[in-house]
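Scrolling down, you'll hit the structures one after another.
In the two complexes that follow, chain A is the common piece, with chain B as its partner first and chain C second.
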Partner chain A sequence: MNRLNKIFINTVIHSFLIFVGLICIFPLLWMLASALKTQQTVFKDMSLLVNSPCWSNFYIAWTKGNFSMYFFNSVLYALSVVFGIVFISSLAAYAFSRLKFPGKNFIFYMFLAAMMIPLPGSFVPLYVLLVKLGLANTRTGYIFSMINVGLALSIYLLKTFFDKLPRDLEDSARIDGCGRLRIWWNVALPMAKPAIAVVTIFNTLNVWNEYILALIILQSKSIMPLQKGLMVFQGAHFTEYPVLMAGITITIIPIVFIYLFMQKFIIKGLTAEVLLG
Partner chain B sequence: MRLLLGVFIAFTLIFGGCASKDKAVKKDRIVVWHWMTDRQEAFEELSKKYEDLTGIKVNFELFSPPDSYSQKILAAAQAKTLSDIFGVLGEKIDVASFIKAGHVVDLTPYLEENEAEWKSRFFTSALAVTSFEKDNAFGVTEGTYAIPIDLMNIQMVCNNKLLRQAGIQRPPQAWEEFIADLKTLKEKGIKGLVSGWAETWMIDCMVSNYAFNIMGEDKVIKTIKAEAPYTDSDWLRVFKLFEELRDSGGLASGVVTMDNKYAEQLFANEKVAFAFNGSWCVNVYQGMNPKLDYSVILPPEASDAYPMKIWGGAGSSFYVNARSFLSKEAVEFLKWLTDKEQQVFLVNKTKNLPSNRQALSGIPKELSEFADDSDSITHPNMWPFQEYPAVIEAFTKGVQSIIIGEKTAQELVEEVQRIKEKEIQRRN
Partner chain C sequence: MKKGTREFTNFLFVLPALIIFSVFYIYPFFKVFNLSMHSWNGIDPTMKFVGFAHFKEVIFDDKAWWSSMAQAGYITLWALTFQNFLALLLALACDRAIRAGSVYRVIFFLPPILSEIVVGLVWKWIYNGDFGLLNHWLSMVGLGYLARDWLSDSSTALTAIALVHCWKGFGWAFIILLAGLQTIPRQLYEAATVDGADALKRFTNVTVPMMIPVFVLVVILTILGTMQGFALILAMTRGGPAGHTEVPVIRILFSMIKYRRFGYACCQALIFGFILVCISFMLNRVSKFFKQA
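Let's look at the complex of A and B:
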């Protein structure tokens, strides 16, 4: 009876999980199926299995959307911004966690307050500032802006993680003659890998999918990110859905790989309550 | 760690900094900012042709979607870095603020030169949308500030095949006929009318059409000026039309929560017999279902007291930056762009109505059906007075409530009048 009960409960739980999993994966399958249809069949044929797949949509998306150029730009932005954010936020978070200096709490709360400001609210002043600094329509301007966008949350996440790290190891390192920076580099950072993985994936997603700030700051097509390529297929009145879906499929591939690569760190990060504070 | 820091700085500055100096500041080319994704290819072809002809380069830079484009224009205006030619999306009040801030060239002298040769090319309604009358409510100096590159109007389209299937011999011309057709279609299991009425401006458009038809322009303007109440029997009749639409059972389900893109899909896929839509739909339907057999009709008249008026005017317009070093060259380019030859090219490539009246010959059948009714065009931007946004919101949302059966026309006119009075009090 007990065994039967267990089997029944397991079946219910697994059926539910499979159902939730299908709901999660359905949009991706729909996207992939739509990417293989034509402009005429995409509105008529609602099935996920496509009879005569139109693979040329991927070629059209890549060439017409200028994806090779935009891909390079997005990779460059993602690498620079995530690198910058991890570097600056880990230093700042470590300082907030371990150092004592006047106004520490005030500055930290200011960072937290910055998270409350919606990005669109700062577009115009940010653009005017970049124009005055001569950084509008430059990669540097966009990279610095995006680093700024991601800093507050990343500092918050890393600080809460550093707060929970035992100080004994750092004390031992100090006895061995390590300075603050060396302790940060050799002790704190390696222990914070799960939290850094979370910061990395959050910010990579953020940079990879960002478009509006790029549209406002940048003008030259040659320095626009990948999302710009997708907009080519999306008109005010008319959207080329199959090509757009093919384009989106291409754009999510790197993100899926990054997620898979960092999966174990992210799970560790989550189980280590990095997000719970 | 030093290595790490060095790599970061080098990476950002070398890759980020080098290939990135502001290219838009170059003064050897006219830069055009726009949001029209579907026209970019055609624009690029035209700019190449213009360069071959004149030696002047024109860069069409596309920033889409329209909402983001508007943000960009706003930010660039604040920083005084607008392109030589640009479009402004939004209401007339938004355009007025650009003009008053000194961002826009008054094109009137250019339009009037050589016995108004340039001006005479355009449909009157196309220029009216981008012009400001003397003593206008916005405080803008009288003149024309933008050049329309295409035209649009909003009418009804009907699927000929579905009408035939339902045994309907000809598209309806009168409201009663239309309601009878919707009932017939329902009996045959065919959905009657679809429109993107989650986008309330489309409801505003249909309400205006029938207000003009039932009470005439003078009374509509009088109501806007608060010289006539919304509780008037003519306004009640206008809103009762939506009750009749609801009661006919001919509206596509979910019409009040439907955006126009979805409504267009339904019509293009032959799921609905009628759609209330704009002339841009010719391009949309062509893409979705090239074999779609449909006709364009004026919304069926609910009264013979006044002619039916439809919303329309300039589809997309270009402004010249008053701070541009190339403003004269930009004006010359716009003259060339709105010449017959270029307009015909744009019509054939983009399936939009031309702003140049000489470019009408040889356009696709459905487009010419839209163009035939260009004389019936009106638009709030052409009216001397504009209704308060709160009042427009009240009656458009009220119409949605009528359609889902939460409100009656009588309740709606009373509510709209209350809001109108409140707005007047608030502003005095």
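Let's look at the complex of A and C:
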């Protein structure tokens, strides 16, 4: 009786979990199915499994829909922003953790405070600033604004990681005559690989999914990332659902792959963000 | 090397971060206060000082602003109740060390890693009035009379958006709640079982008290996150029909790019930021009260 009871409860729990899981995945399957239908069948054929998949939508999105351009831009932004964040934040985090200089605590708490004060609408003065600097509608302006977005959390993550690392290796490197910059590069950074991985993956996701700054800063099609490209495309061709869905699929494929292989790092980044909030 | 020089070169390590932060964060932060007191269209070389006139207008005359606030509050209520309750149920189910638990975790966390634009556009297609999947299914099960253009109908648009928001957000709450559940020592449960507590008693006397800090955290983050959300709505309705799905950040954005009132947009941003700071301050007090109890 007890065993039967347990099996019954487990079945109920699993069916509930599977049901919610299906609701999670279903819209994505529907997106994929719609991307494989033609402009004629997409409005009549409501099946999830497409009989004769029409792969040309992906080709149309990639070429005529300009998604190759948007894709290239997104990759460029993700690479340069993440490189900038890792470089700048690991330098700063190392100094906050190991080196002495005046105003150290004050500056560090300033970064912390920046993460905790909600700043809705900060895009208005940011845009005004970029216009003044001549950086509105430029890749540089967008890249620097995005580096700023990820900086504080990354510094915090790396600093707490450095704090926990033993100092023995660094001490012996110092005795061997290494300067601080070389110790940072040759000793501290290699040891901080796990934390750098979290910072890299988490910021890659953030940059890839970012929309509002791209909307405000970038007006020329040739420098837009995918998220803004999607909105521009759906504004201009709002009835071409198969091509739009193909464009969305192109947009999420890299993210889904990164997620499936690196989910450990994403969840670590998320928990760090949550604990600070 | 002298101590002074050494400390100066140490300071060079944080200099790049400090420069970017000062230019792109601190300067805009203070610029908001300045801009909010000026009337400016973003182009003219000069702006007109208007003092607190914008604040007066937002607080007393801007009905659309306050209804956008109420609409964001409505979505937040859905997220607080429906989304977080579902997340808690799922976290409790997965915490029972069932088989394949990690597979569920991977699936539930898939919507949160997608961008709001992607999620919004896919659901917009599902909600579509003429060719959408939802209406198709309704007519298939004989509920065709319920079919409508969900996002153009002012009586359903906001709830439709709130549900998509919950769809995207519950996996996030689930991960945090599950992490919290897993920090509860197993011995507590075992001890309670030995003392004769049934599953319900174990939940109310062990799980709930241990989880209160996590619950408070999830509530705070849900409120702050949902009130400031907007990209999903831009992708689904752009605030329509007739402003029925506008939220504060969309109002700020429209003040800036549609009406070209930069000063007014900054004033709205300031008032909204002040409200959010007040809310999180109040919630922090509440959580301190719970911790003492």
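The rule is short, and it goes like this: the second predicted complex is superposed on the first by the 193 of 277 C-alpha atoms of A that agree within 3 Å, B and C clash if a C-alpha of one lies under 4 Å from a C-alpha of the other, contacts with A are read in each partner's own complex, and residues count from 1 in each chain.
Here is the rule we go by: contacts are C-beta pairs under 8 Å (C-beta built on N, C-alpha and C of every residue); 3 or more make two chains touch, one makes a residue touch a chain.
Values in this document were obtained by computation on a predicted structure and should not be read as measured data.
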{"item": "First (chain B), second (chain C), both or neither touched by A:Ile7", "value": "neither"}
{"item": "Partner chain(s) touched by A:Trp185 [first = chain B, second = chain C, both, neither]", "value": "first"}
{"item": "Chain B versus chain C as contact partner of A:Leu76, first or second or both or neither", "value": "first"}
{"item": "Partner chain(s) touched by A:Phe43 [first = chain B, second = chain C, both, neither]", "value": "both"}
{"item": "Which superposed partner A:Phe16 touches (first chain B, second chain C, both, neither)", "value": "second"}
{"item": "Partner chain(s) touched by A:Leu112 [first = chain B, second = chain C, both, neither]", "value": "neither"}
{"item": "Chain B versus chain C as contact partner of A:Asn137, first or second or both or neither", "value": "first"}
{"item": "Which of chain B and chain C A:Leu29 touches, first, second, both or neither", "value": "neither"}
{"item": "Touching partner for A:Leu205 - first (chain B), second (chain C), both, neither", "value": "second"}
{"item": "Chain B versus chain C, judged by how many residues of chain A each one touches", "value": "C"}
{"item": "Chain C-contacting residues of chain A that also contact chain B", "value": "43, 87, 120, 123-124, 127-128, 131, 211-212, 216, 231, 234"}
{"item": "Chain A to chain C touching residues, read off their complex", "value": "10, 13-14, 16-17, 20-21, 23-25, 27-28, 30-31, 34, 42-43, 46, 87-89, 91-92, 94-96, 99-102, 107, 110-111, 114, 117-129, 131, 144-145, 147-148, 151-152, 155, 180, 184, 205, 208-212, 216, 227, 230-231, 234, 241, 244-245, 248, 251-252, 255-256, 259-260, 263, 266-267, 270-271, 274, 277"}
{"item": "Of all residues in chain A, those that touch chain B in their complex", "value": "39-40, 43-44, 76, 79-80, 83-84, 87, 120, 123-124, 127-128, 131, 134, 136-143, 181-182, 185, 211-212, 215-216, 219-223, 231-240"}
{"item": "List of chain B residues in touch with chain A within their complex", "value": "1, 4-5, 7-8, 11-13, 15-17, 19-24, 31, 35-38, 40, 61-66, 68-69, 71-72, 74-76, 78-79, 81, 261, 264-265, 268-269, 280-281, 283-284, 287-290"}
{"item": "Touching residues (chain side chain C, partner chain A) in the complex", "value": "7-11, 13-14, 16-18, 20-21, 23-25, 27-29, 31-32, 35, 42, 86, 89-90, 93-94, 96, 98, 104, 106-111, 113-119, 121-123, 125-126, 130-131, 133, 136, 167, 171-172, 175-176, 179, 217, 220-221, 224, 228, 230-231, 234-235, 248-249, 252-253, 256-257, 262, 265-266, 268-269, 272-273, 276-277, 280"}
